[in-house]
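First chain A sits with chain B, and in the next complex the same chain sits with chain C.
Let's turn to the complex of A and B:
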């Protein structure tokens, strides 16, 4: 009798904890989803979008032109509607495949005459900064105008395909003191860091989770961050050397991720914990 | 100069639903940056006028988040009414924005 009880207890101990843990995890996840849906209704990202709109239309830089009258995001000069969801794409005038942020930086340098090094000095909003850099506001503005549209990275363009394949190779590259690759965490299903579930970006279902919600408003600190920042920070977390701002490496990875998410709906700038 | 607010005002049945996003650092005076206390800087007063009538006057403090969102439901309003929202912070800075109920 005593034995049966102790076996019973042992079984309970052995079986129950993982079960409760899984349930708890799902419950937390569901609660968080609810919170996010509620917050998306009045996402402070809209404040950054408004600023971005002003900057987009304002005559700026040494050449005193606005981006609205000079910058082509692939849909014609000044057209922002649907541009974000169709990037990265190849730009013949720049001779390169570019994602939204890299393209806007290119426009600021080539069309408005800004100095690249000045933009690259402070490209992302820091923890204690009360305002975001112009480039972040611009990306948020452009991204907002692809809300509700399907991702359509032109992978049939050989140059874009090439960037896609390079991106795919980079995600396999293991290095750094931890001997990590992107795929160590993001190449298989069911991985997580602490309580954060990690998307498997090699699948369509995972890739959309990875690209959805960028650029995003981070509630911790109340700052606005772009997808370029996300990838940059991934390199930092891997203890890799961080790529220089608006690097081709990041465009390649974004081409791979966004390409995998093709056909799925972009919900616009997101909100993060 | 403070940044624009984003105001959304719509009729839901006979009640006007007003949502406003304010761009403000909302420093609570307890945070530190490189050992130095960041001075408090937060919105102290909010007022909402609908159709020329003051409907809400409120005081807020340091426990409100950065870039806050406020939502109000107002009776006796109709589509086309003018909504005027003003905030004033502890440094004397203020901002007023206007919209009409859709």
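Let's turn to the complex of A and C:
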């Protein structure tokens, strides 16, 4: 499988004859789509999912329990089917609305006894890391089990609705040296930064583009990254300081964005540029 | 107190009054804007050059945040004029520099993120948002195309002054513009802005060929 991936990447980066901008963009996109289709049978995310499954079932942490026997993602203890597409949701035991990654971290800390700061020290895979952090593998495993299901963030729950509306306000908030908010780049249809298309996350059609394919295998670098990472990196581009890992500011944004994508089918962990 | 300080103070209190007004109307429902501010204050940590002070909205950002980027016209006018008053035009009155240097600056998007080295120089980011020279095919579309701007609108002293001012402080002409205030925040100096004016207005620049 590793071979197919590098061949795919070589194809993508292969020498292309000089083209006009539109042609070049179309060609790049066509190559990417072709690669993505070819990859569908051997999705590189599956490697991470398999690792995640092992970690989910293994007794771990100071309390020596598995997540399978202790962690409730909203569908009952240990149940992963359909959980990812129905989050963020409110968890009474934690007294908070949580997205999938935040909830799994919560279980690792509360149920298994791991130290939050240890997890938060390096929560995302870096370009030079040979493997992804456990939490990324776990999120990928859980996400895979919502493949083919519609997003169903329970917005009729007032606590979830509050998170949604707060998230909406956060995406509008302009500050920093460049006066940027999420909406500077993602607030209008059909905009681009350089050649990259920017989904308008305030619409159903744009929001699904913003949530689809996450967690995603990044072809540039060959690493696996979660939705939490995507928001973290966009705050960097926004010239803001760094959002705290697995904090409410991210959950609220994810509630807003995923809520806007409600009803549309999740295709499972995917491939990102 | 000089006159500038007085208008500034007046506008700050006006802004405050407006924000207070908006708060009262929003009190009916839980105020998600206020909640968002609390969370933003709590859930970030400084990293690299990006300190927590960056989260504080200045008066322009605050009023744009409060009004969905559409402040009442009278306030917008007054605050735009205050922003215009911050534009420092070069003493020698020369507003066009070297378009080739301007092109390099327009290409670079480096600067101000927590991964970037602190301090200057930083890039202009212009191609991230604008079509400019026809030779650069990878351009963003958040801002309007600037291709042939000099050919179409000329390079009269007034036009040069406008473009210099727009780059220095975009909010002087459109209070809630999505374009950064490059001179106002000290990202670009006067010579760099002159080079960008040349890129856009010099008849020799590829932009106007």
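Annotations
What we mean here is this: the second predicted complex is superposed on the first by the 243 of 273 C-alpha atoms of A that agree within 3 Å, B and C clash if a C-alpha of one lies under 4 Å from a C-alpha of the other, contacts with A are read in each partner's own complex, and residues count from 1 in each chain.
One rule holds for everything that comes next: a residue touches a chain if its C-beta (ideal position, glycine included) is under 8 Å from a C-beta of that chain, and two chains touch if they have at least 3 such contacts.
Small disclaimer: the values here were computed from a predicted structure and weren't measured.
Taken together through their common chain A, the two structures put chain B and chain C side by side without a clash.
By the touch criterion defined above, A:102 reaches neither chain B nor chain C. In the superposition on chain A, A:89 makes contact with neither chain B nor chain C. Legend: residue contacts after superposition of the two complexes on their common chain; A:50 is shown touching chain B, with no touch to chain C. Greater residue coverage of chain A by touch, when chain B is weighed against chain C, goes to C.
When the shared chain is aligned, chain B comes close enough to touch A:42, but chain C does not. In the superposition on chain A, contact of A:128 is made with chain B only, not with chain C. Judged by the touch definition given at the top, the superposed model places A:111 against neither chain B nor chain C.
With chain A fitted onto itself, chain B and chain C come no nearer than 16 Å, counting C-alpha atoms only.
The touching residues of chain C, counted against chain A in their complex, run 30, 32-33, 35-37, 39-40, 42-47, 50-52, 54-57, 60-61, 64-65, 68, 112-115, 125, 127-129, 137-142, 171, 178, 180-181, 185, 187. Within the complex formed with chain B, the chain A residues making contact are 41-42, 44, 46-47, 50-51, 128, 130, 217, 219, 221-222. On the chain B side of its complex with chain A, the touching residues are 3-4, 6, 8, 19, 21, 23, 25-26, 31, 33, 38, 65-67, 69, 71.
Within the complex formed with chain C, the chain A residues making contact are 20-21, 24, 162, 165-166, 168-170, 172-181, 184-185, 188, 190-195, 198, 236-237, 239-244, 247-250, 252.
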